[in-house]
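Two complexes, one shared chain (chain A), two partners (chain B, chain C).
Here is the complex of A and B:
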């Protein structure tokens, strides 16, 4: 029984780590120059980010926009007036944050 | 005295002829093909001998230049790039000729994903052999690490389709690819391989005289491999930098203006050292 448990744990760890390595989240955002920002998401194995939650937060961490990546793994939102960051919320170990200051035309 | 010169002259003639028989390579170049983020892309299109910074040839203009873009599992999108193509003069130490530059604006290379650039030149007449050449070239670039259509055939008359990400190679990796003619694998095709031992300088539109490689003998300048029964090539990459592969005469067109035509498929890949 113990042996089986160890084997199962090992399998789980392997499965999890394999997943994490082969499938890292990626996001890239642009200032469209018309007071909107577009973010594109994806995973390093080429899989779609469609439906992944996107949070836009202000400097205090307050949520400004709650949305999801569309079927093309993209999202466009109004550019916040002050400091902000965009969070690609792909679940635990699958999040990416981009600072508004790094989002340029 | 005179008699002794004759064999020498004959030897020189043979050397000259052999020299000119080395690989003519269509070079489609931009300094980096694995980009962290998109930006303006400065490209060059030159028909030359990249392992020797050698004879540069008139490719007969650019017939088609476009990119197939794809991110993840979205549809690939074709964008024509002919509007960005400009004629330049490419100057190698001993030879200069017409070539082309293209400054692709950031708006076309902004998104993450793969960019499969395709360049179909006109026809080059090789006078010594009395044959025309047309080398249809691919260069595959990635932005941001999200892969796309790098392993998909574009559907060219002839092309080399990689089975390993061509922009993510380490030195020592094995490059594997399939040679296709009208979508079908070509068995036993001759594929020439050259290392870009004279790195193109996009500021001066030239290649330097100094080679980064010492070639012990001519066989090492242009390596030759053959496709297997299913059209695959495999090639271990011994050094970081740019490697060009040209599958000779694999295209469906065999004649141009009443002369023999060699319609070739070219791909360029880049390897990085592990540090």
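Here is the complex of A and C:
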């Protein structure tokens, strides 16, 4: 019995490293046409994404903007000149990336 | 009198005997799936014609036996008794005749008109076995029809046999199991029962006598329902049982089971010729490893890990890919429902969107469920499930659970990340009623995915430096709480429920077919949708009322109207300074905002500039003035757009604040306040109470609600504002909250599933009540106890962990109710043949 118990505990620890959550993270971005980009975040179950970290990275992966979703689950930043991508960083298994080229006016 | 005759035929058989294939062979796979009345067991029916006879074929649940221990067995038995089919086709796996005869003999004992269908004769031949069909027919005195349903052979013979038997009047069975020393008792009891005109007409007398001696609850109920002097008959049965136990030192139910096994073995020995060189079959060979003391658990672990990876990790990814479908449903309803207001929306819109959102939140999990159901079907069809049960049964039985409790617990989230709904659903397979109920009661205590966000918030805020350890604590402590709880329930409220000895034979391994798996998965998904989604929609309406009414007081409404007016006034002042003066009026302001939102919805997910331009053009054609403001056309458009943004910000602020106020003033909010005197011992204030109450609607709400009532600032995360907003909230508070959340009652959809599976509203209410009380008790113990002892959050955490582990170990040593009388009766004998 003890052996099985140990095995179960071990399973818990192992599985833990890859835990994921049931609600899916969501983000959509829009080019405002005034050299700013607005992204709206949220979760599939309707939870707010307030306070979720947002990184804007350039082509080489260098961070351009570090910010957070505001109380309305939105974030607006200046549109970078070159290629870029926006990362919604909701923790492991909870991230979304949107490529700058896919953000259209 | 020309009309065709209709005959009711039942299809019985043990799991994995190829029953579905025979069903499809006879009906041409045309089937109708429903439930047996009042229970969640699927009832598959189909029909076909033999000459002028119309046959209604009913597929009984696959069962090893016909006791009343499991729901499936009860359903099958009740159908045979109440619906009295004209013919029962007993499908048997010819290559495992001895085991399959166990059901055949019980069917015959019920005096059902049985045809023994020796299926899978191709496997018999492949294994070099020979079955003497004529000898079998003579011994049993019933028609015996060999088939190879998988290859479509034997259909004609089976139809002929059905037609012949359907025309005959059933007579007493030719073969009787010899119960040896129990026979005199059976005769006495049967004699007494036969004297009663009611029972002896309704039920086979010998069968009732055997069942009473077997201490079968349902048989006792039947006698009570029909016998004129039931008490006397039952008293007689009881005295016979006692006397037999005294005479032989053996419980009658055990003796009966052994007598049946012995009869099966005798018949099989006379009719089956095994190949000369007695080789172990491939199944038995595989079982040497699968049921091995050391490799068994290891293989189990690997399979469970794979299950978790595919269903939960891959399933989550799949759910994300499928989201645009549900997002489109949400967008569509947002477009067609009545337009939004400035601060508050029309009732129809608010309620409509709420219901749609609640439903899509569940539909989002559909890919996960589909994968789960497919994987379960593979485990079942391959024959691994009973092995899994065998490996874990010894451990689980100590806690009043069953080997087959494993799967429900895994699905519920033994390791972090499951969902209680499929977990409770999976309890259906447990053949032991008491263990099944105990499992239903503890599955919601597992760590379902939805509890994780709250854990993360609290750990992030209060145990950040020991985050990994804290997560390990909450991930594993739930099991050490659930096992003792299962044991306590078994020793108390569940004591009177029947428990089945673990007699589970190992069916041979099968290679599952893709079609079979998909069909099963789709059938279950469909059942799930029908049951859960409709109920969720209904419950959403109730929750909507609870969190929105009685609504804002008048003075607050005036306050928000003022905010609206000021914002619009500012905007109109800007309009007056542009060329839009006269073209945009006060009444246009809200429509412009909605126009912008609608444009955004239309472009969500669009990544192609041309496609986006086409959408822009459509909106521009629709209303060029609004478009100019929203898309910053021209100098004045740019100017007004800036002003519009201010109005939008004010609107969002007003909506957010009004929502929070409405929520605090709502019925649910009032309940949260009213509960504060009780919950203070657990360290919860009314705001936390509100969050917990809303979590009952769906666990995900807890994090969202905590977020919304802690009034988040843009620069602060939920953790930070919680820390700041709740001065005096210590790690001890957080620990109590986490533990309460772990034990907290199942969310509404799970509760509904509990009702379905336990088949009783009482059990659902019990499950909600005991978990709430237990949660409150544990949280109070940890919080108040920890404070009195002056423990830190971390110390309290490990002190509690130690307590739980110790309780689990002690509980494991307390014998179960029936263990005293039958210490040696849990006989794994049938399994021993395969598992060495």
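Just a few scattered comments:
In this text, the second predicted complex is superposed on the first by the 83 of 105 C-alpha atoms of A that agree within 3 Å, B and C clash if a C-alpha of one lies under 4 Å from a C-alpha of the other, contacts with A are read in each partner's own complex, and residues count from 1 in each chain.
By our rule, a contact is a pair of C-beta atoms (placed from the backbone, for glycine too) under 8 Å apart; a residue touches a chain by one contact, two chains touch by 3 or more.
Just so it is clear, the structure is predicted and the values come from calculations on it, not from any experiment.
Once the two structures are overlaid, the count of chain A residues touched is higher for C than for its counterpart among chain B and chain C.
Judged by the touch definition given at the top, the superposed model places A:51 against chain C, while chain B stays out of reach.
Once chain A of one complex is fitted onto chain A of the other, the partner contacts of A:81 are absent, as it touches neither chain B nor chain C. Applying the stated contact rule after C-alpha superposition, one finds that A:72 touches each of chain B and chain C.
Legend: residue contacts after superposition of the two complexes on their common chain; A:34 is shown touching chain C, with no touch to chain B.
Under the contact criterion defined above, the residues of chain A that touch both chain B in one complex and chain C in the other are 24, 26, 28, 30, 40, 43-48, 72.
Of all residues in chain A, those touching chain B in their complex are 24, 26, 28, 30, 40, 42-49, 72-73. Across the complex, chain A is touched by residues 297-298, 301, 304-305, 308-309, 312-313, 316, 319-320, 323, 326-327, 357, 360-361, 364-365, 368, 391-392, 394-395, 398, 414-417, 419, 448-450, 452-453, 456, 471-472, 475-476, 479, 600, 603-609, 612-613, 616, 631-632, 638, 641, 652, 656, 698, 700-701, 703-704, 707-708, 712-718, 720, 812 of chain C. Taken together, the chain B residues at the contact with chain A in this complex read 37-38, 71-74, 110-113, 143-148. Residues 1, 3-5, 7-16, 18-26, 28, 30, 32-34, 40, 43-48, 50-51, 68, 70-72, 91, 93, 101-105 of chain A touch chain C in their complex.
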